[in-house]
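Presented sequentially are two complexes of chain A, the first with chain B as partner and the second with chain C.
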Partner chain A sequence: MKKKWVHIIIISVVFLYLFLPLAATFLYSIAKEWHNTILPVSYTFSAYENLYTDPRFLQAVGRTLLISGITLVLSVVTMATATFVVFMYLPKMERVLQALVMIPFAVPGVVAAVGLIKVYSSGPIILSGTIWILIGAYYVLVLPYMYQGIRNNLRTIDAKRLMEAAEVLGASKIKGFAFVIMPNMVTGILLSALLSFSILIGEFVLANFLIGGYYETIQVYLMRRLNENGHLASSIVITYFLTVAAISWMMLRLGRRFGKTEEIKEKIS
Partner chain B sequence: MNHKVTLFAVIALLPFALLIVGFELLPLTAMIRDSFLADDGVTYTFKQYITALTNPYYTKGMLNSLLISVYASCIGMAIAIAASYSMTRMPAKIQSMLVTFSNLTSNFSGVPLAFAFIILLGNSGVFTLLFKEWGWNITDSFNLYSWSGLVAVYVYFQVPLAILLLYPAYSGIHKHWRESASLLGASAFQFWLRIGLPVMIPSIVGTFSILLANAMGAYATAYALVGGSYNLLPIRIGALVAGDVVTRPQLGSALAVILGTMMVVAMWCNERMMRRFRRDLR
Partner chain C sequence: MSYVQIDQAFKQYADSTVLKQVSLQIEKGELVTLLGPSGCGKSTLLRSIAGLEKLDGGTINVNGNDISHLPPQFRNVGMVFQSYALFPNMTVFDNIAFGLKMRKWPRKEITDKVKHIIELIHMSDKASSYPHQLSGGQQQRVALARALVTEPDILLLDEPLSALDAKIRKSLQIELRNIQRELKMTMIFVTHDQEEAMTISDRIFIMNGGEIVRQGKPEDIYASPKNEFVARFIGSYNVFTSQELNCMTGHSFKSGNYAIRPEVMELHPHDSLSEQQKSGMWISGIIRNMTIRGNVRRYTIQAQDITLWVDELNVPQKSALDEGLFIKVWLSEDECNLLE
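Up next, the complex of A and B:
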């Protein structure tokens, strides 16, 4: 097989290209001395020590967690109910909902920031400079991912039949939704929330424009320290990347479990 | 629909509707309205659009954005077409490993990515110094903080995304199609020209338009790399709306509407292509 080598070479080159910047950042974060050589001369973990004891960094992490946390709770609660109601009772509205949640795909961060600054820096409601403007912006940013996850989930659990069964057994609509539908959607919602979370912790543009001046999130912090200290900045990048990797791994595991329960359900029915 | 259901529906939809109006529809309409206002913010005019489309400073930014997006998307696409095809020829275990890795690196963009490239190829980057030691002054032909560097970085964040979008499309080409084609006497080249490519084309165009939109809207990567010094449309918008010197929100809004329109056109192409793809399958 002569041709197989071609494929192996292509894959090696492409994935080496993808891997190199990451590997270099990692080496840089643990390098003590690194000049004119392929690998660093000596290593140290002091960059990480400095980073994890820097109150400014810890504060930035806390802020990012706070903002993404509030956004995700808000998103899960309102999106689950809205998607459910439209799916069950207003099927004609489905296209409208879909169009509304897909808009963020076509609106890059800078453009979204322009409108938000315009609306909330003057007028009846002033939100600029508060975390609420960023939470609102993030809410919109994760809409497509949350919607897609919840919508697919509703379809796979056959929500219509579940609701029917619940109501036949005497549950009210709200009870049926809260105690029958929601428990069945936990995994699916968790998956979309994790995906959204990994997007939010990597978000820079909106954070920088909307409240970056007063409120430093992880990415804004990284941007500010970029030219200050290379080793520190690379340890931030690696920390961020490991977090994203951990989230992806969790999603993979959850997804597999989710897939398995679906399989079992199919076998039973 | 009975009364009770309506009440339930309204209560359930209200918070979502409020948030959507407040943070999506209202800002967008306000921005569009703003783009038709003069600098004083009161009189209606097309002046901002005329400035945006005739002032060489801004047209250059648009052109640069368009060019870099087309370049980076073409290169990224070519790499991804080759790589994801090669991936399908690997054992299943390696395939899923590579998909996971692409998925991981697709998160590597924006400020962190720019920083990684600065470490590698910046003025005192590892490779830059290393090559200098070996007698090759890389900065003669490559400058990370300019056109060539931006393309290299943009290609980086396009490749994993393109692989993730294209790789599933190859599974649309069934093995027995190839077998039947070769039984009927088709060469590999003929197979790809007559069967493989036509099946793939909608996915390729669809992926390309997503890449294009992705590159056109990218702000963080370019900002972290070149700051305000390279003329790109998103950077211009940012400077006009929240710049350090002079802010002209109305002109910024007009440019933002133009950028948004470019993205919508790209997305619309994708949508059209996907529809066609599905119809072809049925």
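Up next, the complex of A and C:
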């Protein structure tokens, strides 16, 4: 009983430590007058109104969604196929793929950005200043998350055995992949894509270095407006937090479904 | 030519040879078992027939067609996996219908055929259930139905019952045998469980180290194991050298190894007079251990420095003998099988 109270106290302290600044930021974002009182005297949502009606903000959101979307589609298509082929038919190549996907952890963002600008400013392929250089960099950035997620998914569903069963039942490799493997991979792919998306919308270094003002994404926009006024800055932080929280919630839900699939697989085997 | 004919099947992984020129023939409507310990090559042979492994040499003929080089989808074989490999995203109905859809059957015929086979496995009420909603035994029946529905030339079963508990396993063994007889389906069953092999097979092929070391009807294999590996693997035979037998019985056996079934020996009290009344060989020993194996009591007897097993029917009329008791073991010379 005594131990239970200790746990509750520790959890409450940690919870307060994490959420008090967030609560204060939220209060400040909706405060109209707040000088020498504990809570604001009056409230307004004008900061949010300003933010959400700013065409630059909406444009920046659109750009970020576009860049992230293209990156994720490319990543899902290529990585799902590559991981599947390596997992099923070229297991010896798995080490090469694992080494490749570790690159983003080995190269710091600033180094990668400077290197990419240098390589793609001249020469046969000029990408500097276009969205494609950022998409390329983002593609590499999300590789580990996509690869691990998809590979774990393939293992969980015992893709090899399912594919063999499909083939013996008369399916070609393509049909087996389309009708049996792919539907069972959807949850894992969605989970990886959401994780990658939450990383991409929080990424600032590459976005700022590689295209910055040429093509203002949400990250660059938010950084620029943070210094304009405190209420707006607070509303930006809260908006950002809510977006990431929503993605995390979706990931948790999908994760639970994924966990259930794993249980099912265990039951079956 | 036999219905299934495998000639000189050879398969090698890196340094190890998994199949060493394996040849076998199976007749139409037979249920044969590939029996052997883990790593003996039985699953590799089965997977080679299905086209899931490529042979490095040899041929596989089914129903007069050489299928050695065909991809799995064109071999018209059915397969049931140890892990069932049911498609988690599909219902029981869709799992069973999958093979027919791949063969582009008309929808109406698919529905009729699948309904019929679901009835055959007594799972009409589970047609719209997903695999995770079924018990292990039910999943295995669906896997069997899925493999049978396409009317394959042969059905391959890779240790399909090994993940089930003993009771369900036994009932499914009987069910499987009934379905096989009803459909007159040619089946190749892989298992490492000799009791299971004895129960369901028309013929058994015993494999060891990538080779078939013995083949025949279950009763023939059990009665005459022919070599030491089979004797030890098939039924916990006592295997003695001729010197050991000579030493225990006082007789003079021809040089070689001998297999003796534990149930053909009889235990008699040390001071009984049966030795004078019953002709045969007598071994003096002491009971070291007794275990109950359901309907049988197994005694571990020490005769001089040699250990032997004797099985006795576990009937209430006859009480078990105590450990440490001196006894005499009766044995007929005819029951000593000289091994190759």
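As a convention for this text, the second predicted complex is superposed on the first by the 248 of 269 C-alpha atoms of A that agree within 3 Å, B and C clash if a C-alpha of one lies under 4 Å from a C-alpha of the other, contacts with A are read in each partner's own complex, and residues count from 1 in each chain.
Convention: contacts are C-beta pairs under 8 Å (C-beta built on N, C-alpha and C of every residue); 3 or more make two chains touch, one makes a residue touch a chain.
Note that the structure is predicted; figures quoted are calculated from it, not measured.
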Under the superposition described at the top, does placing chain B and chain C together on chain A give a clash or a fit?
fit
What is the contact status of A:Gln98 with respect to chain B (first) and chain C (second): first, second, both, or neither?
neither
Tell me the contact category for A:Thr130 with respect to chain B and chain C: first, second, both or neither.
neither
Looking at chain A, which partner touches more of its residues: chain C or chain B?
B
Taking the superposition on A as described, I'd like to know which of chain B and chain C A:Gln148 touches: first, second, both or neither.
neither
Going by the contact rule set out at the top, does A:Asn50 touch chain B (first), chain C (second), both, or neither?
neither
Can you pull out the angle centred on chain A between the C-alpha centres of chain B and chain C, to the nearest 10°?
100
Check the residue A:Asn229 against both partner chains and state whether it touches chain B (first), chain C (second), both, or neither.
neither
Quick one: is A:Gln59 in contact with chain B, with chain C, with both, or with neither? Answer first, second, both or neither.
neither
Overlay on A puts the nearest Cα atoms of chain B and chain C apart, in Å, by 10
Residue ranges of chain A touching chain C (in the complex, touch as defined):
157-158, 161-162, 164-172, 175, 179-180, 183-184, 261, 263-265, 267-269
For the complex, which residues does chain C have touching chain A?
50-52, 71-73, 75, 77-79, 81, 83-89, 98-99, 102-103, 131-132, 136, 139, 146-147, 150, 163
Contact residues on chain A for chain B in the complex?
4, 6-8, 10-11, 14-15, 17-22, 24-25, 28, 34-38, 74, 77-79, 81-82, 84-86, 89-90, 100, 103-119, 136-137, 139-140, 143, 173-174, 198, 202, 204-205, 209, 219, 222-223, 226, 230, 233-234, 236-237, 240-241, 244-245, 248, 252
Could you please specify the touching residues of chain B with respect to chain A in the complex?
1, 4-5, 8-9, 12-13, 15-17, 19-20, 22-24, 26-28, 30-31, 34, 79, 82-83, 85-87, 89-90, 98, 100-105, 107-113, 115-120, 126, 129-130, 132-133, 156, 159-160, 213, 216-220, 224, 234, 237-238, 241-242, 249, 252-253, 256-257, 259-260, 263-264, 267
